[in-house]
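Data first, discussion second: the structure below is written as structure tokens.
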Amino acid sequence: MIRATVTGKIWSSRRIETMPTGGYLEVETETGTRLIAFDPLGCAPGEAVLITQGSVAAAYFTDRTAAIDALIIGSIDDETPNKSGKGRKS
Amino acid sequence: MIRATVTGKIWSSRRIETMPTGGYLEVETETGTRLIAFDPLGCAPGEAVLITQGSVAAAYFTDRTAAIDALIIGSIDDETPNKSGKGRKS
Amino acid sequence: MIRATVTGKIWSSRRIETMPTGGYLEVETETGTRLIAFDPLGCAPGEAVLITQGSVAAAYFTDRTAAIDALIIGSIDDETPNKSGKGRKS
Amino acid sequence: MIRATVTGKIWSSRRIETMPTGGYLEVETETGTRLIAFDPLGCAPGEAVLITQGSVAAAYFTDRTAAIDALIIGSIDDETPNKSGKGRKS
Amino acid sequence: MIRATVTGKIWSSRRIETMPTGGYLEVETETGTRLIAFDPLGCAPGEAVLITQGSVAAAYFTDRTAAIDALIIGSIDDETPNKSGKGRKS
């Protein structure tokens, strides 16, 4: 999995039917890579999240074959230090 | 998923039988990476699209085992700001 | 999928039994990355081809569980402009 | 698989239900890439570990469909030289 | 698939049960990337090998769900020129 920060939300009115309804958040990894992940948790901009990728992301959806390859699976608790070694809980 | 812009279309007259008929669009990501994705939506050059990759792309096709590893799953609505932070809807 | 150019052929006399017999071509992508793909079409050096990767490549083989993760699925027609924007059909 | 070194642990109190309980360790590869892997072995910071990625990581869990795409599958024995060629067992 | 050269062997005494017994070789690709692959062929250091990655590597094992994401599927014959264009058979 990868650690990333939520940077925004995207909307897609014109899309394939099997796309699950819900939040599609744009996230940025520590190396600056950006990707878009389905958000089952309702995360907010700036939140540190844990992302899983590939077919395991699609397997989360039990009611359909979802064309999803990135999924937010958790919000990272504050006391987990990031690269700079500082725990983000002041 | 990744955000990309449609840059063109490719044709492949000589191909394996299980390749679905339809549009094969060339797209460019924000980092300049180019890939080719199957387009079930009829997108146009310059359009911002959402791409899913890997076996989840192939799973979209229920009538065959499609050798497809990249699929356009949606067109990104204009008011979604891209990296420059500007919403593209003036 | 990715666009690549055929640069050569590889031979592997000592290999696992489930490897399908046929052509294993070395290809180079536009960014210079090289990989080896199974070729069901009989492509030639210099030919522009369309490659699919991952488990969807293996799924092409219906008679075995093939340990193949890259497959040539089509030859790209000449009038498809490459990065330089020139259509290769003079 | 890839070789990596354990650099820390992450906690995620707010997460999807199907996430297995257990250790989620942050690891760094030889090229400095960081990722987070599920740890079934109880590894310690500084330990050299072997990581598998993708759907094969999720397949380790037989009691659920786990949204896990990286798994520690072994601790690398000391006498295995790393890139610098030195065996780490003095 | 990718072309790589065997650079060494790794040992992992403390590991998950479903890891197949056999050789785990460290290999280096032409771009210097290093990874570890299961070796069903008994390859030697310096040997040029063909590697398949992802779930197709795990599918090679029919007796278990193997947490393997990289597999040596063949030894590349000498007369296959590498990037420098020289056939390695003098």
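When the chains are written out, they are named A, B, C, D and E in that same order, and each has its own residue count from 1.
Definition applied: a contact is a pair of C-beta atoms (placed from the backbone, for glycine too) under 8 Å apart; a residue touches a chain by one contact, two chains touch by 3 or more.
Everything quoted here is computed from the prediction, not taken from an experiment.
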Subunit E and subunit D - chains in contact with each
none
Rounded Å distance, subunit C centre to subunit D centre (Cα mean):
32
When the C-alpha atoms of subunit B and subunit C are each averaged to a single point, how far apart are the two points in Å?
20
Using the touch rule from the top of the page, what residues of subunit B touch 2 or more other chains?
54-55, 57
Round the ring, starting at subunit C and heading to subunit E first, what is the chain order?
C, E, D, A, B
For subunit C, which residues count as touching subunit B in their complex?
1-3, 30-31, 40-41, 50, 52-57, 59-60, 62, 71, 73-77, 79-81, 83
Would you mind writing out the residues of subunit E in touch with subunit D in their complex?
8-16, 18-19, 24, 26, 33-37, 54-55, 57-58, 65-70
